[in-house]
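As written, the chains take the letters A, B, C and D, and residue 1 is the first residue of each chain.
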Amino acid sequence: MVDISVDLGFLKLKNPVIAASGTFGYGIEFSPFIDLNQIGGFVVKGLYLSPKQGNPPPRLAETACGLMNSIGLQGIGVERFSKEVLPQLKGLRSALIINICGDTNEEYARIAEYLDKHEEISAYELNISCPNVKKEGLCPAQDPDDTYEIVKLVKKSCSTPVITKLSPNVTDISEIALSAEEGGSDAVSLVNTFLAMGIDPETRKPRLGNFFGGLSGPAIKPIALRMVYQAASAVQIPVIGIGGIASGRDAIEFIIAGAKAVQVGTANFTDPDSTLRIIDEITAFCKEKKIKRLQDLSGAVDLNP
Amino acid sequence: MLKNQRAVIAGKKSWGNDYFLFSLEAPVISRKSKPGQFLMVKITDNPYPLLRRPFSIHARNKHNIEIFFQNTGVGTSMLSQKQRGDKIEILGPLGNGFHIGERSESKKASLIGGGRGAAPLYFLACELVKKNINVTVFYGGKSSEDLPIASKFKKENIRTLCSTEDGSSGFKGLVTDLLETELKTDTPSLIYACGPEGMLKSLSKISKKHQIPAELSLESIMGCGFGACWGCVKKIKKGNTAEWHKVCEDGPVFSAGDIIWD
Amino acid sequence: MVDISVDLGFLKLKNPVIAASGTFGYGIEFSPFIDLNQIGGFVVKGLYLSPKQGNPPPRLAETACGLMNSIGLQGIGVERFSKEVLPQLKGLRSALIINICGDTNEEYARIAEYLDKHEEISAYELNISCPNVKKEGLCPAQDPDDTYEIVKLVKKSCSTPVITKLSPNVTDISEIALSAEEGGSDAVSLVNTFLAMGIDPETRKPRLGNFFGGLSGPAIKPIALRMVYQAASAVQIPVIGIGGIASGRDAIEFIIAGAKAVQVGTANFTDPDSTLRIIDEITAFCKEKKIKRLQDLSGAVDLNP
Amino acid sequence: MLKNQRAVIAGKKSWGNDYFLFSLEAPVISRKSKPGQFLMVKITDNPYPLLRRPFSIHARNKHNIEIFFQNTGVGTSMLSQKQRGDKIEILGPLGNGFHIGERSESKKASLIGGGRGAAPLYFLACELVKKNINVTVFYGGKSSEDLPIASKFKKENIRTLCSTEDGSSGFKGLVTDLLETELKTDTPSLIYACGPEGMLKSLSKISKKHQIPAELSLESIMGCGFGACWGCVKKIKKGNTAEWHKVCEDGPVFSAGDIIWD
């Protein structure tokens, strides 16, 4: 038997595969395709305090092995979420993680406070790295002090564990990961999307309604992996790897680089049962390689020439 | 309800290098589908092109469904190279189809298709005919080569009027002009349409002017096709408010009056 | 007739297509495939003061629509270059640009000085953004002050025009572009490669001998384009766009985003005549769209919704 | 000298889903090629997979050249799906080939091929035979299915000894063990080899121990194939110094004694 369970300290997962925020709706959208109880967990779509209209279309543009999006966090807000969606997720036997967004630090804290009583919530993921909200694409995750402040404030406001989701659009990812750790974050997850854009030569117009958007998918995997390695080398708290993961071997690559768990994003669109397939592939890999405990692989990169 | 499956290409037909028709062995999806619904088709197991592509259900019989598509880019080009016997992964049936026979007075329907937009109308026409609804198809294209499935409608004894922009076949002009000409003498109780955005915009105006309800099938870039990504939205009126609604889940068919064109 | 010539102020190019450093050897390697006189210009492989051994293999790894490399600037050094290579490039009727690398600021200046007498050199390109040299992957182009200092010093040491090549591995590309401009750079070119890595799950070893490497190719295009747009919005000096360009339309996209010229990198490997094909495609595009002067397209992005 | 051209696949042969042989119409490249040289083959016009793939020239006649390859990954798998009549872009002939007949005493050559590494040896064997050199081919694989071109050598009346790791055909063991067995009774004047790194390393030792000069064809990941990227280097001795040399330009064939294995 292969043990692919994961212990993040504040949270035990039956396997390392978590569906990434914004690519898995509220989970319910995927129940026609997979048994939600079989995945490690999932992160719901980014949630603001109030409902959000989101950005004008086009909101998506395909690139070479990548996807650009500027959804703009269209959503129902925290109140409707807790009344309409949470009850539907009662009895779930996977980790339920809530992705939190705010225009101000206080907004993050208020959402964390508001939802804190819900025991079915396993953790919060602070989306301080969403590049879509402001047109200039700047976000708190691009500054170590801002990161520290938000994490600190949210941690004070709630007892639910906090994962801080980092942006790849920075010079030094270790610095930001360390700030999150110092602020009291229980884990970091990375990467969010890369700030990107496209232009249609025919019309000279931007390909996305919001001009800038976030790049995800296999195209970004090599950069994301490097950042996960750097972050995992810098901090003591668990690191969750994200970026272009579409197969068990991709997931294993992130785990060897130092991740304890992974998130699967864009692959959910191309194959709605990606998460389950990746779990199967991880198990098969461990069996083939006679690895008894997946967690032993974490950070096990072989640096001998 | 939804199903993701590998389906064998049981038949393939092509018109030059532009238009293709695949017949796919997919009995479960076939049984469940309604006109106006669509599939998300996986082009390749490789990450390029990354996303699945949406195609309307063009026809169905007990075991098979058909898609009819135009080669317009990297995905459709790669798809067009598949052969009989190859397998492709399809997800469906997706979205809400056209509303059929909900209004008892809808005894006379005009179906307007522009180019590849005619794809879902064949399935729709067949179902309408079954319900004894009088169907006229208006089928427009750039030139005569863009009307490959006109004969399919005619074979079902469906009245089919064609238009081409270059006049190489049928009425010379836009299909909406052809419709307006017809409207002078004859008024349908309902319009169904699928095609380029410009055509659908014109139809919205015609629908309003002539007070004929119209159901329009919209296209939008789709990330998932099943409501998870929020990528495919269009501005749609519901009651007093207009919001971004998902084309894949709330559509692709909307009432002309509810669509806010930009 | 379509005019696709480019005036960078300090340099006139017959067309906007320049072959990128490290992907075009010393130019000579490509003469079996194309007439070097027909391209806008080319940048030679990064040149150090002394010969360099480069990094241990594997030096390349393919990724989804991308290429990772850790060549490590293996090269013959500036002396042998000027004695053995430069004479072979005499009479060239395209711009010859020399990519300069150094371990210290003074080394950059010394190379610039050493080669300054050679009139066949159209410009220097300061490679302050090569992530391969130090294992941590840090480089002067990641810091605005370091960028300013190097440019300033080099400009003092030579009369040849200077293009500063920027790294994409930064939080704020505009800031760095502005530093280069303030330092006196005549133009900026961007982007260099993205710091990336890969691990082979089978062996747990890094895919590249030097562990980290630089990602290039179509995968990075959407991020590179965004940075070119931001840099072009920030500075007055000409911007040369680089990153995943493989077709005339790709080139046009960068020009509409604000680039005056472009560089073609990885595409030279997959098709040795890429540069010529891209020039043809640009001309064809302009003809079709009835654009008389290509330079009118530069920065002509249409921001109306 | 070098040529980049679209060549028609004039013939295709396959052994299961593992080994493939393409005959390509490329008269100019054919005329110029020497055994041990290779082509860079473009897999697709799309950016995935991004790089061309290197393949040895397996055989040639006046108009055509052949490549023989194993399906081992995404590129070779996509290539294997091409059909007769399709066109593929090839660049070649690249690199320096094996040295033939430069030593007048080389009247007896042993050619050692591991798996797909046998590909360039067929072209080489044919050329050696033309020069009246006595050729023995040692051809090793995992099992009998990995020796698909053994019959091609035999058809040319070339002495061919096979080995398989599982003993399903010929000598049971590694091809280098088979060679060592032969060396007990018979010593060639020259060894030519192509195959996996482990095999080539063993051959370096054998070459040294028995003092038989050996020419080994190396594999390396290639960015360009024509000397522009510096991506394909191996450590090679030249005189007193060992430096990173390009496999594509300075190789792919090197003298066993010059290769510094890590």
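Here is the rule we use: a residue touches a chain if its C-beta (ideal position, glycine included) is under 8 Å from a C-beta of that chain, and two chains touch if they have at least 3 such contacts.
These numbers come from a predicted model, not from an experiment.
Graph distance from chain B to chain C, where chains that touch are one step apart, equals 1. When the interfaces A-D and A-B are ranked by how many C-beta pairs touch across them, A-B comes first. At the far end from chain A, in terms of centres built from Cα atoms, lies D. Per-chain Cα centroids separate chain A from chain D by 47 Å.
Each chain gets a centre from the mean of its Cα atoms; for chain A and chain B, those two points are 36 Å apart.
Here the spacing of chain B and chain D, counted between their Cα centres, is 53 Å. Computed from the mean C-alpha positions, the centre of chain A lies at a distance of 33 Å from the centre of chain C.
For chain A, residues touching at least two other chains, in rising order: 56, 64-66, 217-218, 305. Multi-chain contact residues of chain D, defined as those touching 2 or more other chains: 47-48, 262. Taken as a graph of touching chains, this assembly is complete, with every chain in contact with every other. Taken together, the chain B residues at the contact with chain C in this complex read 47-48, 262.
On the side of chain A, the complex with chain D involves touching residues 64-65, 305.
If you check the complex, the residues on chain A that touch chain C are 56, 63-66, 68, 142, 169-172, 194-199, 201, 203-206, 209, 211-212, 215, 217-223, 225-226, 229, 244, 249, 252-253, 256-257, 285, 297, 300-305.
The residues of chain B lying in touch with chain D in their complex are 46-48, 74, 78. Against chain D, in their complex, chain C makes its touches with residues 22-25, 29-30, 32-33, 45, 53-54, 56-62, 64-67, 69, 71, 74, 217-218, 246, 266, 268-273.
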